[in-house]
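What follows is a pair of complexes built around chain A, which joins chain B in one and chain C in the other.
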Partner chain A sequence: MKMTQYYTRMGDGKRVQMTREEILSDIQAGTADAADMAGIPALNDDQIEHLIDIISCQDRVVGVAPGKEVVMTYDIGQLDFTGDNGNSGNGVDMGRLEAALLHERALGADTFELANSDYSIKPVKPIISMEKQTMEEIQQEIVAPFFYGAMPNMGLYYAPDGPYQNPADLMREFKIEESMAASEAAAEHLARDIEYVGTHIMAAGSDGFNFDTTGSAGDADFVGTLNGVKALRAACPEAYINVGAAGESVMGIHGMIEFEGTVCAGLYPHQQAQVIAQAGADVFGAVCNTNTSRSLAWNLARSVTFIKKAVEDSPIPVHVDMGMGVGGIPMKETPPVDAVARCNKAMVEIANVDGV
Partner chain B sequence: MAFEAESKVLFDAMVAVKLPGIVDAVNKAKDAGMPATDIINAMSSGMTEVGVMFQRGKLFLPHVLSAAAGMNKAMEILGPELAKSGDAGAAKKGTAVMGTVEGDVHDIGKSICSTMLQCAGFDVHDLGRDVPKAKFIEEIKAGCNFCGMSALMTTTMTVMKEIIDMAKAEGIRDKVCMMVGGAPITQAYADKIGADVYGETANDTVAKAKEVAA
Partner chain C sequence: MGMDIPHLMASGMGGIRSAGDLVARMMYDKKMKLKDAKAYVAKKLGLDCVEIADECIMRDLREELGIGVVTGVPGAPRGIAAKMNIEKLLDIKINSCEKFRQSLKN
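And now, the complex of A and B:
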């Protein structure tokens, strides 16, 4: 007798059919991979069974039970309307005020943010007064908490974009100490810029700051951001600060740089949560990247395993990052809604996240 | 297996990623009469393990570089013997031109990939980011037999196909292994544009490049 085939996805979004046994096998492999990498518990039999049910449900869209809904926020400001589809956008031109109100009143966003089109801290410095003006204007109309959002993006501090030598170039010349020194100098610069931009935008009435993709340039980027958050927290005790990560593991480009005695290279989400809370953040945006060559079952099981442990260990709420190529969702310009719905349901019901 | 103990010491020294320890292990193996090519092979196995540990987040980039520096030092120490046996070029697996394609300024993933390829014994010409298409072609014509192209944006990944098409038009496509990678790139896209290798991660790229070079 032919085994029942279930419609599901690969990590690149491709439609595939899998049997329940194949889904189970991939879930077991995915959770085992996360458990092995981070030294954390794999999902138990009940959680695996629940995940199979979510993935094999043949409804186009799935959801959580009434009363189980979680906080939902959006990043990149207006860009998800105005950006091209390569930037997760829809190519619909509109102003930043209209985008903010649409998110609040039509899309059900619990919080939203103002963002510069480059979406990085450094380019905001020369235009901070314009950003303050816009922040003030939108705050007059919006009811939902309205933040400023940007990526630390420490790559912009290295040659040819910035004043410090590129650590990767130095590494290839085996100049390891010089490479580390360049990373440390850039991290200090980044922390100063975060304090500068953060305190200015808070002075314009922002409810807080969302640091997006922290650590994208490696562990020094991560540490620089945490030092910036610490300074911002000291300057603005009332600021609501969300620190979102760049991946399930902090990349060790420096390898030894520390935040208050903790080496940050190689930290996994449950460990990232500790130092992010220590720096003064209110919310941790946990991230797990998608492997495009693996199935949705493998990716989602792996993501849920990392995030579940982070939720259990985190001293602050965890709002998991769910989107193109993260949280088990396929890496596709417009992520398929069946996969998006399943990943979100699993994060809420199995990983017990506080928000999305 | 001959020199089993020495092979293990060399492997362990590489995984420990301490330069003095690696040099010490190489000298001891050489003094014990272990053939230079066998020493290099044992170290290469250690280097592969270092790559795996990097991917698993157990070792970091400076550690990988320390192991690679040990590999370079071994080549210096063993150079005369390798030259005598005609294996002086044994460790060089190929020459790779690497770059983030025109219009794209993201280079961290590409740079890690370049470093890992270098550590694996490839001669790497890293052109940086926003690299004009013609530069890749020039490097292939100059002798690069691997061409690694990176893109982080869906708007720039199409440039990879243009470079592959340019290589075809120039009649040099068959002389080079075209490798692609970056966040929006998938195996399906690599197949669609006619690339030879899709690297999901830096380690995956190195493993596949080594297979091609073998």
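And now, the complex of A and C:
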């Protein structure tokens, strides 16, 4: 007898058919991978069964029961309309006020944010007055919490874009101490810039600041951001601060840099949550990246395993990052609706996230 | 479209269509986890945690409370005015309202 085949997806979005047994096998492998990497519990039998049901359901769109809804935060701001395909942007030029209000009133956004087209902290400094002016204008009209959003993106502080030598280049020359010193100097610079941009934008009436892809340039980027968050919290106790990570593990490019006594290289989401809360953030954006060569079942099981533990251990609310290529969602410019809805439902019902 | 709409359809509260903005404010303002933030907002609205995500209930209630509605209603508070009403409803301070008040003479 031929086994029933279910439509599902690969991590690159490609549609494939798998049997229930194949889905189960991939879920078991995905959750075991996360559990092994982070030393955390794998999904139990009931959770695995629930995940199989979500993935094998053949309805195009799935969702949660009434009363189980969560709130949404956003990265990239209006660039999802105005940006190019690198950001999955639509390439539709429009004002930032209109884009914000469309998200609030047409797309059901619980929160939203203002973004610079580069979406990094550093380039905002010379144009901070323009950003403040736009923030003030949008705050006059919008009702939902409205953040300023940017990536710490510490790579911009290294040569040829910035004043510090590139740690990777120095390591290739076996200049290890110089490499670490360059990372530390860049991290201090980043923290100063976060405080500068953050306090200015709060003075313009922003509800807060969303730090997106924290740690994308490694552990020094992560620590520099946390020190910036700490300074912003001290200067602006009223700020709503969201810190989203860049991956399920902090890359140890420096290797030994610490935030208040904690070495940050190699921290997994449940550990990232502790230091992010310690720095003064209100909400943690937990991340698990997608492996494009593996199935949706493998990626989602792995991602739910990491995020579930982070939610359990985090002293602050956790909004799982669920854009293209994170949270189990396929890495594709046009993420398939069926895959996005399944990942969302699994994160809410199994990982028990506070938001997306 | 690939992100915003599927997430909204699957589990989103819907922002000012329901009480999603209010729950988010409590989450960020007081570091409340989802369950506590929903319970706080529900209590302030005199509803339960299912009803606060029901746009059929919240549409009229939001207009009555002057806390911003998703459709264009001439004369209904929006922006700073709606947020000042939200401050009173949730017993919180909102930064943009504080800055607005500071900008007034007398």
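Here is the rule we go by: the second predicted complex is superposed on the first by the 356 of 356 C-alpha atoms of A that agree within 3 Å, B and C clash if a C-alpha of one lies under 4 Å from a C-alpha of the other, contacts with A are read in each partner's own complex, and residues count from 1 in each chain.
Throughout what follows, a contact is a pair of C-beta atoms (placed from the backbone, for glycine too) under 8 Å apart; a residue touches a chain by one contact, two chains touch by 3 or more.
It should be emphasised that the depicted structure is a prediction, and the values quoted were computed from it without experimental measurement.
Contacts of A:K125 after superposition: neither chain B nor chain C is touched. Comparing chain B with chain C, more residues of chain A are touched by C.
Of the two partner chains, chain C is the only one that A:M202 touches; chain B does not reach it. Once the two complexes are overlaid on the shared chain, A:N291 sits against chain B while remaining clear of chain C. Residue contacts after overlaying the shared chain place A:V64 against chain C, while chain B stays out of touching range.
Of the two partner chains placed by superposition, A:R15 touches none, neither chain B nor chain C. When the shared chain is aligned, chain C comes close enough to touch A:E238, but chain B does not. With both structures placed on the common chain, the touch criterion links A:G255 to chain B but leaves chain C unconnected. When the shared chain is aligned, chain B comes close enough to touch A:S216, but chain C does not.
When the two complexes are superposed on chain A, the residues of chain A that touch both chain B and chain C are 333. For chain C in complex with chain A, the residues that touch the partner chain are 1-18, 20-21, 23-25, 27-29, 31-34, 37, 49-50, 53-54, 67-68, 70-71, 78-80, 82-83, 86, 93-96, 98-100.
On chain A, the positions that touch chain C within their shared complex are 61-64, 66-74, 80, 88, 90, 103-105, 107-111, 136, 139-146, 202-208, 238-242, 282-283, 315-317, 322-324, 332-337, 340-341, 344-345, 348, 353-356. Touching chain A in their complex are the following residues of chain B: 56-63, 65-66, 68-69, 72, 105-108, 111-112, 114-115, 118, 124, 126, 128, 153-155, 183-189, 200. Within the complex formed with chain B, the residues of chain A that make contact are 11-12, 14, 36-37, 84-87, 155, 160-161, 166, 168-169, 171-172, 174, 176, 179-180, 216-219, 249, 251-256, 265-266, 268, 291-293, 325, 331, 333.
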